[in-house]
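What follows is a group of structures, each given as structure tokens.
First chain A sits with chain B, and in the next complex the same chain sits with chain C.
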Partner chain A sequence: MKIARRFAWFLIAATLLVCLNAGFLAPAHYATQFREAPNAPPSRAHWLGTDALGRDLFSRTLYGTRVSLLLAPAAALLSTLLAGLIGGAAGYLGGIWERLAMAVTDLVLSLPWLFLLITVRALLPLDVSPMTSIAVTFLLLGCLGWAASARVLCAGARSLRQAEFVLQARVSGMHGFRLFAVHVLPNLKPVLYAQFWISVPVFILSEANLGVLGLGVAEPMPSWGGLMRELETMWSPMAEAWKLAPLLLLVMVVGSLQLLISREEIPV
Partner chain B sequence: MIPRAVRWLMLLLWSCTALGFAQSGELRFSLHHEPKTFNPLQAEEDSSDTIVYLTAGVLTRVNRQSQALEPALATSWKITDAGRTITFDLRPNVYFSDGTPFTAGDVAYTMRQLMDPALYSPIADQFRTGNGTVVTRELSPHRISITFSAPLVGLDRLFDQVAIMSEHSPHKEMAVLGPFYVADHKPGAYVLLQRNPNYWKKDAAGHQLPYLEYVRLDIQSNRDAEALRLRRGEIHLINELDSEYYDRLASMAPGTLHDAGPGFDTEQMWFNQVPAAPLPTYKLAWFRSTAFRRAISEAINRADMCRVIYNQHAQPAIGPVSPANHFWFNAALQAHPYDPQSALRRLQQDGFRQQGGKLVDRDGHAVEFSLLTNAEKKSRVQMAAMIQQDLDKIGIKINLVTLDFPSLIERITQTFNYEAVLLGLVNVDLDPNAQMNVWLSSGENHQWNPKQAAPATPWEAEIDKLMRTQASALDPQKRKAAFDRVQQIVWDQEPFIYLVHKNALSAISESVVGAQPVVFRPQTYWNIDTLRLKSGAGGH
Partner chain C sequence: MSSVSSVVNNERFAGVNEMVRNVLRHALMIAATALLGGLLTATMVRFAPGFSVDERQLDSRLSPESMQALREARAAERNVVHFYASYLYHAAHGDLGVSRTLNRPVRELLAERWPATLRSAGLGLLLGWVMALTLAVSAAMLRRGTFDVFATLLAGAVLCIPSAVLALLSVFANGPAPLVVALIVFPRLYRYCRNLLAQSYNRPHLITAYAKGIGGPRIFCAHVLPLAGPQLLALAGVSVSMAFGAAIPVEAICGIPGIGQLAWQAALGRDLPLLLTLTVLVTLVTLFANLTSDVVAQVLAPRQG
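Let's look at the complex of A and B:
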């Protein structure tokens, strides 16, 4: 298990390193269309062939990985912070605050988030740059994805509320936010970490889902979701196996992340 | 030694098999959605239209191959009273699928139903030209005249879409005069049509048509699954194929594919010219400039689009009418050439200049706009990406925005909060009258600036006048001259920047005999009554 986890760390680190250096490693810009060679198979000029518009697939995969791999953790961080704040506070305060916060959490969980995301995205101004559009997409994912984690964190904070060391701190005169920040929050850290690591692959897959619907990252900027949309009409995967590269990368990264979330980090 | 009786039996069986070629089999293809209605007068979407075409009897029929009008339930007709009245002589001894006789009373009943405002028939709008009512007179059991309150151009062709319903049949709209009737329907799964034993048409040898016993329409929205089912031989045809599927099928089932040439539909982009649109004034000024629109048009490489996206299964568009529309296409026009240098010259003459590789207007605003298209249509997103790269060469930056279709429609019809959009227009009618709503400046579908109280520009005023002229003239040549001029103005002004006409691509199994794919809907089964299946190709 230890070796497998080390290997997972290595894979993620190597992928990050490569995609961060996409500007140096990519043989072409991700938007450049080689119109004389659409849907070309792998060659010396195009290592992973080209897409339907003749864009170099290797370059697009590198840039697309950068987008998905950097912004998904950012969205996961945002959602975990929100979950920690809402769920942690609700569990710590208890009573009506807990009931109210959990009602809001249930409401958010019951929303059809995909439709909500599509609606919110449709309301955005049109003259935003692709980079802003990407940031907004992941910001929305982060803002909408806190609810499930908040329930877990609420349960964790509730159990800490009755813990002896918290009672002792109260007896010593510590109350309110100070008690929450000094004693409760640090003890929620393992749960927060676990929720963060669980959220990263969730957001990667969410963006991929949006991309497959054509509603994720705007063209010509690549992302894993957008690249996998190319696979929609693929009938014989073995004949064009190179086009599966973004899918394999996604499976590899998400698999590695799942492996890193060790059993002891997940609260039971 | 085979006994004589057995030999006779074998001969009889062989004959039955050979004759079975003529009248047997089940043709199968897919509907992409559940039909919304079986009432032929209320059909307004693809699936219902398909069932109407296969089941309905009409007075006149436009031959989808020759585009000429032919007699159907009416053997002859005459238009009088300056285009207000049409008199039909009906075919005698014709019966509905349930055995009810067909008479002039049924035509009168159909017209009453059609024009009933409570029915909201989409077909009826074409017959509503004046304020008065439609008067029908049954001159005999097989002769009827129909009088409208105002003249209607192309009146006889309009009856191609009017399915005649029975006045007296207890089965109401389910009693039909077409080649098939609806025998079974399992919602979400299939619609089964069975051969109408009372269909009036016979082949040259006097055999009763149609040849097929059943048509099974499987409800299948997934295009990949549809193509795979064709490959496996589970369905016999695909009416409208995307070029991507066409090329994939080409390597697996080449004998099944047909490219009938450029179709009637158009793909175009346009700029928002609505005065009240929430856009900066300088951007509205660009979009209203003819030179700006012409320059954008010249900077777009349409030939590359046809080659890269459609793999040559498309043609650069010239205007609103496809060359496939033999009569109405203005043959004097040519496709706009791809010439970025000429585009830059036009822009410079209009006050734009290049500054550090970017195009700016006379007030120094960088030329940048968003181009909207619907996310579901991959080929449109690809076209938009190609336009993005083409315009980048002359220093124009495009932000490509893909939205879900309802959000996009809301922006272009309600809020007008958009800058440019790329969409397609489906043309189901050859006659320009069907496009009145697009070309009249007061029209709801006058997309670049709809519902104008008065024409905003002199050229829109001229289009209004010409469209009204062609709609009221009865002389086809006069109508043609007026609509040719409309096409010329549209070519000069480019309120719509036409991009491509996609070819009419279809796939028909080699087991289907008699198929002659055309560009006119329904491309593959327009001659459904004479289609046959090779023995063993479609059992039921």
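Let's look at the complex of A and C:
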């Protein structure tokens, strides 16, 4: 199991390293069109062939990986912070605040995730610039994905409320936000870290789903979701297997993340 | 003897009381969702970019009177409270509005599309449960590392593929839509079922039962199922929400004219009233499923005790 985890870390680190250096490693810019070679198979010039608009798929995969792999953790960070504030404060304050926060959390959790995502995404303009669409997509994930984590953090903060060191701090005259920020929040760190790592693969997959449905990052900016949308134009997965490269990369990264966050040990 | 029966009666009364309280809590939640969802619908639709613009106003052939009529119709919708009150009033009378992109009453669209979603999501959910329970029960009963690893890896691998891509791959393989919904739901159910059953099997009294030589199926039916049953029922309620979520990519990509495809079309066309009505309705269905699973779990609980 240790070897599997090390391998997972290596895969994630290698993917990150390669995609961060996309500017040096990619043979072309993600939007450059080779109009003489649309839908070209893999060749020495285009390692993963080209798409219907003649854009180099290898370059687009590198840039798309960078978008998905950097912004999913950013969205996870935002959602974890929101969950920490909402759930942590609710658990710390208790009483009516806790009941109110948990009622809102239950309400958000009862909405099917993809329904909620596409509904709020559709409320915002769809014909925006690629950079705005990236910000909208990942801010949306960050702002909507806090509920499940907030529930866990609320339970954590509730248990801390009666902890001896918190009572001691209270007796010493520390109250309100200072007590929350100095004693409660730092003790929720392990739960916050766990919730952060759990959110990352969820957001990567959510972006991919939104992208395939045409509600994600706008063209010509590539992302894993946008790249996988091009699978719709495939004749057959066997005949054009190279077009599955972004999917394989996504499965590899998400699988590695799942392995790293899984608490149960698989006896290998 | 009479004191024993009174204690039993008191316990039953307390159980019924708790069940009623639970049902009331869920009913309150459903009512709050309907009202809050409606308010959110009205507010978000009202403040969404482009709300106050009607493209018909750009038509130079329209007379000034027609223009004025269009402006007045929009002005009435600008006040959120008025808009919400009107929405609630019409919804209470079964009028869910008119879809702007499809130009048809939402009620008509729902009546047309529900059966397809119920078929694909319902069958998919059933199949997903069969797959998850078969693997989880086998892994727990066999208590063999290799089978557990195989099942966990299988579920983990499917979990890593985006739902929309699974739907796309099924189109290439001519796979049925319920199978895709099942594949989307199965790994999430399997993980929970496996952990739950593994926890139940590790209880001391079950280890004792094994040591006494009681057969696996008997242990499962008499000891494991009563322990894990209520939580599995709670998961059944939650899984309805998963199946509806899975219906969007599956129906959109496989071309099934259901609620999921309708929601996707509404999102692409920014048909906000239709999309938000759909979301509120699906949420109500999932809350109702949670209520049902909770009541069934409560009804079964005393018998298990």
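Keep in mind that, in the parts below, the second predicted complex is superposed on the first by the 240 of 268 C-alpha atoms of A that agree within 3 Å, B and C clash if a C-alpha of one lies under 4 Å from a C-alpha of the other, contacts with A are read in each partner's own complex, and residues count from 1 in each chain.
We adopt the following convention: a residue touches a chain if its C-beta (ideal position, glycine included) is under 8 Å from a C-beta of that chain, and two chains touch if they have at least 3 such contacts.
Predicted model only: the values in this text are computed from it and were never measured.
S.K.: Return first, second, both or neither, reflecting whether A:G54 touches chain B, chain C, both chains, or no partner chain.
M.R.: Only chain B; A:G54 stays clear of chain C.
S.K.: In the overlaid three-chain picture, which partner chain does A:P220 touch, first (chain B) or second (chain C), both, or neither?
M.R.: A:P220: touches chain B, not chain C.
S.K.: In the superposed arrangement, which partner chain does A:V254 touch: chain B (first), chain C (second), both, or neither?
M.R.: In the superposition, A:V254 touches chain C alone.
S.K.: Does the superposition put A:L205 against chain B (first), chain C (second), both, or neither?
M.R.: second
S.K.: Going by the contact rule set out at the top, does A:L107 touch chain B (first), chain C (second), both, or neither?
M.R.: second
S.K.: Is A:L116 touching anything from chain B or chain C once the two structures are fitted on A? First, second, both or neither.
M.R.: Only chain C; A:L116 stays clear of chain B.
S.K.: For A:L231, using the defined touch cut-off, is the partner it touches chain B, chain C, both, or neither? Pick first, second, both or neither.
M.R.: A:L231 contacts chain C only, not chain B.
S.K.: Report for A:A31: first if it touches chain B alone, second if chain C alone, otherwise both or neither.
M.R.: It touches chain B, and chain C stays clear.
S.K.: Is the number of chain A residues in contact higher for chain B or for chain C?
M.R.: Partner touching more chain A residues in the overlay: C.
S.K.: Take the contacts of chain A with chain B and those with chain C, and give the residues found in both.
M.R.: Touching chain B and chain C on chain A: residues 118-119, 121-122, 126, 213-215, 232.
S.K.: Once bound in the complex, which stretches of chain C touch chain A?
M.R.: Contacts found on chain C: 29, 32-33, 36, 44, 48-50, 145, 148-149, 152-153, 156-157, 159-165, 168-169, 172, 195, 241-242, 244-246, 248-249, 252-253, 263-264, 266-268, 270, 272, 275-276, 278-279, 282-283, 286-287, 290.
S.K.: Help me check something: in the complex, which residues belonging to chain A touch chain B?
M.R.: So the residues of chain A touching chain B come out as 31-33, 35, 38, 52-54, 118-119, 121-122, 126-130, 133, 213-215, 218-220, 229, 232-233, 235.
S.K.: What part of chain B is in contact with chain A in the complex they form?
M.R.: Chain B residues touching chain A: 224, 227-228, 244-245, 248, 304, 307-309, 368-370, 372, 375-376, 378, 381-382, 384-386, 388-389, 399-404, 407, 417-419.
S.K.: Flag every residue of chain A that touches chain C in the complex, lowest number first.
M.R.: Of all residues in chain A, those touching chain C are 103, 106-107, 110-116, 118-119, 121-126, 201, 205, 208-209, 212-215, 225, 228, 231-232, 234, 236-237, 247, 250-251, 254-255, 258-259, 264, 266-268.
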